[in-house]
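In the two complexes that follow, chain A is the common piece, with chain B as its partner first and chain C second.
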Partner chain A sequence: MFGYYLKLALKSIKRNPILSALMVAAIALGIGSSMTTITVNYLMSADPIPEKSQQLFYVQVDSWDPTSPYNDDNNDPPNQLTWTEATNLMAAKKAKRQTAMAKSGAVIEPSNPDDKPFEASIRLTFADFFPMFNTPFLYGNGWDQQSDLARDYVVVLTREINDKVFGGENSVGKNIVIMGQNFRVVGVLDHWQPVPKFYDVNNGAFDETEELFMPFYLKEELELPNWGNTNCWKSPEGEGFKAFLRSECVNFQMWVELENSQQEAEYLDFLNSYVSEQKALGRFARPMNNRLSDVMEWMENQQVVADDAQIMLWLSFMFLAVCLLNTIGLLLAKFTGKSAEIGLRRALGATKSNLFIQHLVETAVIGLCGGVLGLALALLGLQGIGALYGSFVEHLTQLDFTLVVIGLGLSLVASIAAGLYPTWRACNIAPASQLKSQ
Partner chain B sequence: MLKMMDVKKVFRTDTVETHALRDFNLTVDEGDFVAVTGPSGSGKTTFLNIAGLLETFDGGQYQLDGMDVSHLNDKQRSQLRNEKIGFIFQSFNLIPDLDLFDNVDVPLRYRGFSSAERRRRIEQSLELVGLANRMKHLPAQLSGGQQQRVAIARALAGEPRFLLADEPTGNLDSKMAQSVMELLQEINRNGTTIVMVTHDSELAQQAKRNIYVRDGKVSELHSVADLAAAASA
Partner chain C sequence: MSASNLEIGPIFRALMRNKVGAILIAIQIAITMTIIVNSVFIIVERSQKMTRESGIDEANTFHIGSSAFAPNFNHQVSIEQDLALLRALPGVVDAIQINAVPISGSGWSMSLQTQAGAEYDGIGSAIYMVDENGLNALDLELIAGEAFVASDIRWRQRGQTDWPEQAIITKAFAEKLFPDSEWASVAGKTIYINDNEPMIIKGIVDKLQAPWVGWDNVEHALLSPERLAFPTVRYLIRTEPGMRDKLMPEVEQALATSNKGRIVRGLRTSAEDRERSYRGDSAMIKILTTVMIILTVVTALGIVGLASFSVNRRKKQIGTRRALGASQGAILRYFMLENFLISSVGVAFGAALTVGLNVVLVNAFSLSAIDWFYIPIGMITLWLVGQLAVYGPAKKAANIAPAIATRTV
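Moving on, here comes the complex of A and B:
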């Protein structure tokens, strides 16, 4: 019977093309607007590293001002570490893997004299960064822990920089001049853009990954500048780069990889012990407030899904509801126009459930058409957002297979929900009243 | 085969109560061809709707094929309509965007027949009404008489024991009306019981039996003179 109902649905849609088009358009507008905001919210709140997001933990210790908390609203500790904590915790090596990191930037001087020098962003980090975050390599690998300690001038390039400087060739083993220093290329990343860029949401959760990756301690060696947010509660004690580096200002992030809850508890104990030691040295005057947050907890804590995006999501759902109300009205008109046929079918032996399913199939077909058109509108909407906000949201404005399925499912469910009342009314038409009047 | 005993039907609005049928008594035997006449508003169509299980009634008893149908639920009534009753309406009631084949197919779809069985029955019934060669035509491409023949084919396709016709010739000219009447007589001769509501006393005379409905009650008419007298009353 489903094939029969489908055939009747298509005939019915053809019979009233304008009314059908209006319903499809109403559903498409609702689906288009809601899918646009759903897409943005979905990508904002997606798990960027699902295979190990519960084993990666962001480290926070409360080194902030003794007289006032870092965050007045929720008493959270600072969302970044000082250089002192970053280097001390790394030196302790208490986790299976760990990496402190910071964002910086420097000028690259291409070997080809025809190419102009250009500025590139840098992620200063440790050797563990690459295996911790499952970064894909096109050529070579990350550096080893010996290079971390030896402060070797080694670098991992993104594919884009490798294309730009080395024409896309395998550049592993070649030199590249950064800040006037020769760096040896040890690896080239393949395309890698976690969304959100979870490992450093402080400096733009949806920014592009940095263009270069180099050992963390080179920050001190080369006096690389701070890029991104730096917060201080106390002025540096002294002048110059090193004084600022060793100040109580926070500019560094740190992640550890822990395999189970026991390791998590042990690492937290270690953090508490470390802070106790620091208290004994006269630092960390605030109450003990250390945190480990896995990836999704950290995304939530940092409110990666912006409030305005959530408000837009609810507004778009309300708009969808308005569109569905219009669809209900149009369906009522359409099914009222079919009263005579419904009465006839009842007289010829159709049960109410036969007619209910027949008309729900018709509604679902209209909903699916609306869904397909709505997805096309959502693509337009996403392109509009992209054009409005630029490359900042480039990674949030793409429909993937899951979102297409969600869009079609939403349109199907929404249209069937909208069709329930008109269908119920249509099925309860008294057949006798319709048969004389046809 | 069809037995109504003291059937009552009242239509109510907030202010008015209309007694469409009052103690309506009628028995129709198997193989009968009953013409029901009566003035407008006398209750003929209400009787036909109740007989066809399209409407419920407020009192009395109705037996169809030996079964008391008073307490059947909607699904059972639909099933009984589909299997035992064929309907023919004054305005044909064909679905305009379905071709003849699909129009005749409608009641068979709800019967659960296989595709081959449905095709056999559709072809057979359209053959019977002389329209087998126009299966893929739309109703609008046919004359009124031909459309009514399609409606008859649709009513017959399910091989019902009962045919209920409400003014089947009301929208046809006299020549077409006679042709449809002859078809109904042929169907009746083949064993199908027919109850036909009509205003046309000439056509009514061609039925085996005539009843007259007035004020929701039945009077049996036994002769042409009775019929003429009833019509002029």
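Moving on, here comes the complex of A and C:
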């Protein structure tokens, strides 16, 4: 029966090529625009580390200015930590795993004298970073906690830097000159680009991961510059790099891994008691306001999904609505034009449900054609967005399998929904009236 | 022409017999108007934002960074040599070392206040550290007070946190700091940085934007008379008109070869900074424009489709009317008027929906409230689109021969 309906549907579509093409085009445009914006929003709001996003928590404490809040609009504590807090909380080791971190940069001098020195970005972090965030290693491993404290000159390279400096070979154990110092390579990461780059959304939520990873305390040792966002409410006391490091300026992020809500409560208790101690020392004059946010809460809090992307998402849904209304109108016209045929079939014994299914098949065929064309348009649209926004959206304009399924499903559901009323109307045509007028 | 001649009554009654098609078109028109009017409003706002001037000679300015890595690198000597080299190049109007570049996206900001003490609130401003050539290199016009002279300039060491005794600020910042004074009289007054470090306002310049184009205080800038003895520095070079592209590789080459203990990087024009800073806005404008055009076409085609269909269905009726003496004009008028009635319902509904969507956008995304005149313009536009779309099918209807009434289909 289905095959027969399909044949009828194709016949009917061919009979009115212009009307059918208009419907397919309308659905395709609606699906194309919605899928483009859905893709961008879906990737912007994606869970970057689904297997662990509920066990990783971003740490905030309110070390800000006693006289004015960090953020005038809400009561949020600063979104980064001071060096003092980062190092104290790390030393306390109260979580299963923990890592403070910061962004920096330095010049690499390749050993081959023909290769020019170049500047690379650095993530200063702790040994726990790699197991916490499940980073994939191509060669070697991260460093151990011993190296954190000993301030060893060890480094983990990204695959790109390893290709650039060592021609892609296994460089574990080799030396690399960074900031004029000899570093030992302990590991090389495979491609790793969390989207969003959740571990540091302050400095570009969709930026590339850093090119080098090295122990956090080398910041102090090598006086590495602040590359990320730095905010101060009070100027450093004293001169020089060390004074700046020990100031009330916030430039550091910290994540902890906690396995359940009990550990989470305990860690929050620890933060509160830590702040109480600091209050006794004359710091933290603001009311107690410490936070732990898991990955998705933190993405939400930091408004990782751009406003423009959301505006476009809603506009594109309205666009889809217009396209569907259009399709309903055209289907109505088309099916009414077929009333004589429908009357005849009814008179010859076809039931209402037979006709209903027949016409639903016809709309589904149109919907699927529109969906496939719409996905092609979405690819075009995403390419357009890629061209307009440049490298910023590089990781946000790729259709994956889920999105293709969503797109086809959406077009099918939308077209069938659009077809329901016209189909219902068509089936309710009284056979007698149609036959009479002939 | 009276209402009865316009046949509104019969048209309305005919519409009532086929409500669904008419309602569909009306809703389509309403939503289309909502999207188009809100899009146009966003586009106009973004374009206005993009036409703001940075204050510098954007077409003839570029900048380049230098990062020292050699041990015992002498920063002060290197910077002095670099500046001498750059300023001597033919075609260079002026060159300075600067800590941040206007509209480039990254820089320094500090809070300034008119009374000393941590209990007073300050106003944020971008900080540009420049020497006595700063005004010339940035193409700023001094409109009150005096410019920096060589003896005003000091060296800032890494980690040094105090500030020079003098500053030059923009007119917009002066007006914000001292709302009750004439801006010209602000020169000579004292402001405080870091709660209580005084800086005397030596001069006022016409206009200079902060590095961040989306910042509320984008027109606030303060020039601080100093050079930075930092390992990573940036030079801003202003060239004679038309010389920029020729000088860029020359400057890169000259700096790279003059001192091997550093790398030069980040060679970029101010025009490129503008393009990058406003890329999101310009993309939004292009996307919304495309959406508007496609949407209008879709709605228009929908109207054409439904009107053609209804003309086809009423062929016999039309023929009968023609046979009974209705002129071609009357038939044309019938369909145009029918569409006008449907569109009117649509745009009335659309006006409400437009305001509704704008309210949602204002609340959710802190957009500004729409100006009232966008609504009537939008209504008229959609009316016109409807009339244009229906003209083709209506013309076809008018051309139906009266003889058709005598034939059976």
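Keep in mind that, in the parts below, the second predicted complex is superposed on the first by the 435 of 438 C-alpha atoms of A that agree within 3 Å, B and C clash if a C-alpha of one lies under 4 Å from a C-alpha of the other, contacts with A are read in each partner's own complex, and residues count from 1 in each chain.
Here is the rule we go by: contacts are C-beta pairs under 8 Å (C-beta built on N, C-alpha and C of every residue); 3 or more make two chains touch, one makes a residue touch a chain.
Since we're looking at a predicted model, the values are computed, not measured.
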### Query
Is the arrangement of chain B and chain C around the shared chain A a clash or a fit after superposition?
fit
### Message
According to the stated criteria, A:285 is in contact with first (chain B), second (chain C), both, or neither; which is it?
### Response
neither
### Query
Counting only touches as set out at the top, which of chain B and chain C does A:241 meet: first, second, both, neither?
second
### Query
Looking at the overlay, what does A:307 touch: chain B (first), chain C (second), both, or neither?
second
#### Entry: chain B or chain C, by number of chain A residues touched
C
### Task
Can you pull out the angle centred on chain A between the C-alpha centres of chain B and chain C, to the nearest 10°?
90
### Message
Looking at A:4 after the superposition, I want to know if it touches chain B, chain C, both of them or none. Which is it: first, second, both, neither?
### Response
first
### Message
Nearest approach of chain B to chain C by C-alpha atoms in the superposition, in Å, rounded to an integer.
### Response
12
### Message
With touch defined as at the start, can you tell me which chain C residues reach chain A in the complex?
### Response
20-21, 24-25, 27-28, 31-32, 34-35, 38-39, 42, 67, 69-71, 118-119, 121, 157-161, 194-195, 231-232, 263, 265, 276, 279-280, 282-284, 286-288, 291, 294-295, 298-299, 301-302, 305-306, 309-310, 312-313, 357, 360-361, 364-366
### Task
Could you pull out which chain A residues touch chain B in their complex?
1, 4, 11, 14-15, 340-341, 344-354, 430-432, 435-436, 438
### Task
Enumerate the contact residues on chain B facing chain A in the complex.
45, 49, 52, 54-55, 74-75, 78-79, 81-83, 87, 89-91, 93, 95, 97-98, 106-107, 109-111, 154, 158, 166
### Summary
Touching chain C in the complex, chain A uses residues 19, 22, 26, 29, 33, 67-68, 106-107, 109, 116-119, 179-180, 223, 225, 234-236, 239-244, 306-308, 310-312, 314-316, 318-319, 321-323, 325-326, 328-330, 332-334, 336-337, 384-385, 388-390, 392, 421, 425
